[in-house]
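Below are two complexes that have chain A in common, paired first with chain B and then with chain C.
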Partner chain A sequence: MTESTPSEGDPAEGPEDATTANGPATRPSDLATPADGASTEAPSARRPAGRRGRVSSGFGRYVAKHVGGAAVSLLLVLFSSFFIFRLIAGDPIDQLTRERPVSPEERAAMRAELGLDEPMWRQFWDYITGTLTMDLGDSFQYRRPIFDLIVERLPATLLLSGTGMVLAVLLGFWIGARTGWRQGSRFDRGHVATGLVLYSAPTFWLGMIVILVFARYLGLFPVNGMRSPSTPPDFWSQAVDIGHHLVLPVLTYTAVVYAGYLMIMRSSILDELGGDYLTTARAKGLRDDEVRRRHAVPNALLPTVTLVFLALGSVVNGSIITETVFSWPGLGRLFVQSIFYPDRPVLQALFVLFSSSTILAVLCAEILYWFIDPRMRRSG
Partner chain B sequence: MSSVEGAKVLRARGLRVEFGLPGGRVARAVDGVDLDVAPGEIVALAGESGCGKTTLARTLMGLERPSGGTVSFGDVPLRFSSRALKAYRRQVQLVLQDPTGALNPRHTVYEAVAEGLRIHGIGEDEPGRVAEALARAGLRPPERFFLAYPHELSGGQRQRVVIAGALVLEPSILVADEPVASLDASVRGEILSLLLRLKEDAGLGALVITHDLGLAWSIADRIAIMYLGRIVEQGPVERVLTAPRHPYTRALVSVLPDSPVREPIVLAGELPDAAEVPAGCRFRPRCQEVASGRAAAVLDRCEGEDPARLGPESAHLVACHLDAAMPARMAG
Partner chain C sequence: MTSTVTSRSLRWARRRQSFARSWAAYRSQRAGMVGLVLLGAVVVLALAAPVLVDQSQLSVTQATGGRMAPPSAEFPLGTDETGRSILALTLWGSRLSLLIGLTATVVAILIGTTVGVTSGHVGGWYGWIALRISDWFMVLPSLVVAIALLAVLGRSMGTTVAVIALVSWPGTTRLVRAQTLTVQARPYLERARALGAGHWHQMTRHVLPNVLPLVLASATLLVPSAILMESSLAWLGLGDPGVVSWGSILNRASSSGAVSAHAWWYLLPPGLAILVVVLAFMMCGRALEAVFNPRLRGER
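Up next is the complex of A and B:
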């Protein structure tokens, strides 16, 4: 069923529904209505046929609805990014020339070079079409295509926040499931307290403490950067060197964010704890930790799927503060540099990139829900 | 039928369950209960909400540890090691009130029913056993329900799935906590007749917990009336409900249609806090016989002396000083 659904539902229903995006698509021939009505009464003889039809048409509509919603959000991000940075940044020529005196002719020449002499609607149109075709323009500070800047820095960010996020989610969920299951125990209180202290610690402060302790006093890890200049260029030496540099930033990043996942998983488990199905499972002879593993945790994971995808989306944003503290050459550091310069096109492009990665991740989560939560298939 | 001999009798002896409350108080949810449930009989346990019925059921299942007394099955006292509990739960199964909550929403009917088999390592012919259990629970043809999720079924069908999940292990005793309270009246009858049929055909024993005396009347062989953690009257259901002897039972019965008690009796006050069980007879503060002065002759005993715990015998037994003093009056 799971395999047949997308291939069947997507091409058949998706495009048609996408045009009427969120509108109440009225299609009398739709199989969904009769099948839905019947299912509450009894899974009757026409169940297999009805169910199949319902799944494919329901899935198309479900996907179209959420893709439409995501497209609207993306357009809003695109528009607002253009205006926000024009509102807050002032005249770029003033900022670009603040060190030296310039004649009006020079100013006009710079303006023309940067494309700022064109009318606003023209700039807007170039920005929209450019962004949609991956042509993000040139950076003020580097005088290079922004696309190249992003591609250069993306791997470093993905490495740092990807590793940190995966660790934080795994650690948070693992501890959270156990603390929730033993609510009020010493284990629970100890972990919640530790997690919250770290969660409330400012990242830059924790980062500096970590650098002081592990890099300065103990000398175990390098202070900052991603690689040492003296490392031989072969793959393994580089990999070990980068890994060595990676430890402290990842440690800082994970320590600060894991408590969020811990608390969410814990409260999600607490919601499930009252469930009679856990009592049923116990009464059937399942051991307590098996009840947790087989019943409580899978069901408690359900509400956290959105969270995990949000986390995946925000991996692209990286951790701006962690990258800055550890001088990590990623997108977050580029963002900070662009704020100080200020490099408006880069800010604009990063803003769109960060937002759209989150929007797309949430869209993926919504679509995934269809497959992991059977209840969605009826209400979707 | 109510033979207490036999290897597969579920027994509670002097069962007590206490919960510590904030402030050092102790709630006595179950306070000395003797009860037998044998295969082939349905015992109803009736009483107000909060009287300890559900705690008693959970304790009988080994889900709650008793503070005193014993639960035993087939003359073997229940131990709380996970292995002993697992073996015990193959024989004694639980059916809960709300079938929507009792089924894992993300498991199909097949998975829900087969889970018991998997837990107990019964590998051979799993689909056949699941199908048979569903069919016995009245879901026919069973194969059609295999891949359904709980939200696709009606309330009655869900409760049948829960019952099938209990039956698949071929238990001797079913403990059913308000098995039809959350169901529509039309479905209620079907589930009750299912329980009766399982008793007749398969010799299943059941403890049915309910606050509905009418329900107890229609399916039970014996009934035990529980008040504030203690069984105050028990016996064959037709005796207890047509000639109730305990003032509390009389009050419960008096509000039924066609009641043998002529005047409806409305009890004064609320069920007392289980942390503050009244001294003497626990029912005395609300007892209509005490209030009307008819119990004046035994009042000092009502105030000072806890009526003896009822034994597990299947005879009609009452825990009341007044009844003990004037059996003739009450029986007449």
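Up next is the complex of A and C:
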């Protein structure tokens, strides 16, 4: 009864579980039977709650279940962020006024301004309603609404981590498919070794070395930041300038991350290697490259596509470090800057934002999985 | 009396046998052996650090070298911004980095195994809730959680270990739980239940021994991520301010402008040390996984 349902939030090995745990009773004919009257008792035994074998109702229930789970997770994030930043953290006034002496009256005024004199349940209620209506309060360090700060910095983060992630996925999948296909060859061993070495390098250190070599010694790229002040304001000059600044951060980010995708794709290809359909494809007279490209890779992609979504947590981790090394004006750097001020409202808002975006990405992965894996549709 | 002795000696003979088998399988993997040798070397260096380099060399006030001086005969790896030897710092840093990485892993593994075995064995509401909570932790971006907690809890070795353990237990839980469910379905557990074995006996005598090899492999793969996490946190300035670890050396390097001063000798040793240790642990872990994980066994 507690057998883990294969579809539910299983970031590490969801796809593999899904292929093995669904039970043997699924046949293509089950899908074709229009209503329960015609089918035998096999489907209803497999799925006690569902009387109809129709795809649409199964999808509705599937989505409802996962949206419900994600909603609970999001609520937990809200609770835990309040717990961490208001209850464990203690009085922010102490930290804010560390440098200068304050009279008790000033303290009371500051507390009233920040709403800290309210009872705890009241603060909690204000916090929940504020977060849900995007009213995140003001930043201590910038004296501006946090929402504006986030909107301002979001594009930079999306540009850096988006470019880096796309490159890492493409590179990792491209190499991974080839290494898995020729398992044990010198090509395979060389690429796996290179990937592992880069994977073992701390991101921040690699960034510093990259800056030292490419920006300081060779002078090919700017040291940090996203744009130079001297660039003319027209669109193309700005785009080229930002692209120029983007090279080193993306290089660092991709170098550290791509090995993970390489290993995923490689093991996925290895799972396909013995398949009869590959023998058939070869028997048809296809060249080895075509067998890989047209038959093995599409099947191997199936379990890996969702893993790309599930890896968003590590994307956030990587972008925090990369942005800090390269002083990239994004959300990750804002997060790190806020630690030492300490700018607790910003920390809290970004904690909620980062956590909820990974939860939503996992939800997307689960829903996407329904569409790309027909086995899910048959066994609910 | 004699029967218990025989059963115990039988059990030990069986364990010795299976250990020998695993060792033979492990030894046949070159990467695993290379990793093991590298690790051994690093651990010996870390243990011998107090003998090789006197602790007084870590003191900022007693430093004798020049400010960020390049490598020389006296300082083979150059000096930092206060004139301390980078070699001494890196050697001493290994102790803290390894200690924090290993302790955090042990804590995470203890939590993960306990929750995994109990949730898989007991099941019901408890199992469901434990699974949900570990899922939730798994989805959250670990660095964000770690930074948030360290920012409010304060910086010390204890909090660093606790925070790293807190973000790394769910993976083990998942693995252990899945394995527990597999073991649970085997006939010998049914036999044990039929003979009246309690939950505790079933879990410790039957489930745990079957789960432990996988736990060992996953622990070996957790250590590198714990070390990387510790170094990232220390580099961000969230490490214990009173101790020297590889991450905190690099934190000082970047805050004192070692990159713009082209002080490569300041950056390379601690970073390469992290890389080598992480790589060695990963090589060992992958080899262990190939030995113990039945899914990968066919792969080699």
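Brief remarks follow.
By our rule, the second predicted complex is superposed on the first by the 316 of 380 C-alpha atoms of A that agree within 3 Å, B and C clash if a C-alpha of one lies under 4 Å from a C-alpha of the other, contacts with A are read in each partner's own complex, and residues count from 1 in each chain.
Operating definition for what follows: contacts are C-beta pairs under 8 Å (C-beta built on N, C-alpha and C of every residue); 3 or more make two chains touch, one makes a residue touch a chain.
Predicted, not measured: the structure shown is a model, and the values here were computed from it.
In the superposition on chain A, contact of A:T203 is made with chain C only, not with chain B. Looking at the shared chain after the overlay, A:G275 reaches chain B, while chain C stays out of its contact range. Judged by the number of chain A residues each one touches, C leads among chain B and chain C. Contact with chain C, but none with chain B, is seen for A:F351 once the two complexes are overlaid on the shared chain.
Once chain A of one complex is fitted onto chain A of the other, the partner contacts of A:F335 are limited to chain C, with no touch recorded for chain B. In the superposition on chain A, contact of A:R375 is made with chain B only, not with chain C.
When both complexes are overlaid on chain A, the residue A:S314 reaches chain C alone and has no touch with chain B.
Once the two complexes are overlaid on the shared chain, A:V362 sits against chain C while remaining clear of chain B.
Against chain C, in their complex, chain A makes its touches with residues 1-4, 8-13, 16, 69, 72-73, 76-77, 81, 84-85, 88-90, 196-197, 199-206, 208-209, 211-212, 216-217, 223, 267, 270, 312-314, 316-317, 320-321, 324-325, 335-336, 339-340, 342, 347, 350-351, 354-355, 358-359, 362. Of all residues in chain C, only 119-120, 123-124, 127-128, 131-132, 135-136, 138-145, 147-149, 151-153, 171, 174-175, 177-178, 181, 224, 228, 231-232, 235-238, 247, 250, 253-254, 259-260, 262, 264, 267-268, 270-271, 274-275, 278-279, 282-283, 295, 299 touch chain A in the complex they form. Across the interface of their complex, chain B is touched by residues 39-43, 45, 47, 275-277, 279-288, 295, 298-299, 302, 372-375, 378 of chain A. For chain B in complex with chain A, the touching residues are 58, 61, 63, 82, 85-86, 89-90, 93-94, 96-98, 101-106, 115-116, 119-120, 144-145, 148-149, 151-154, 157, 162, 165-166, 169.
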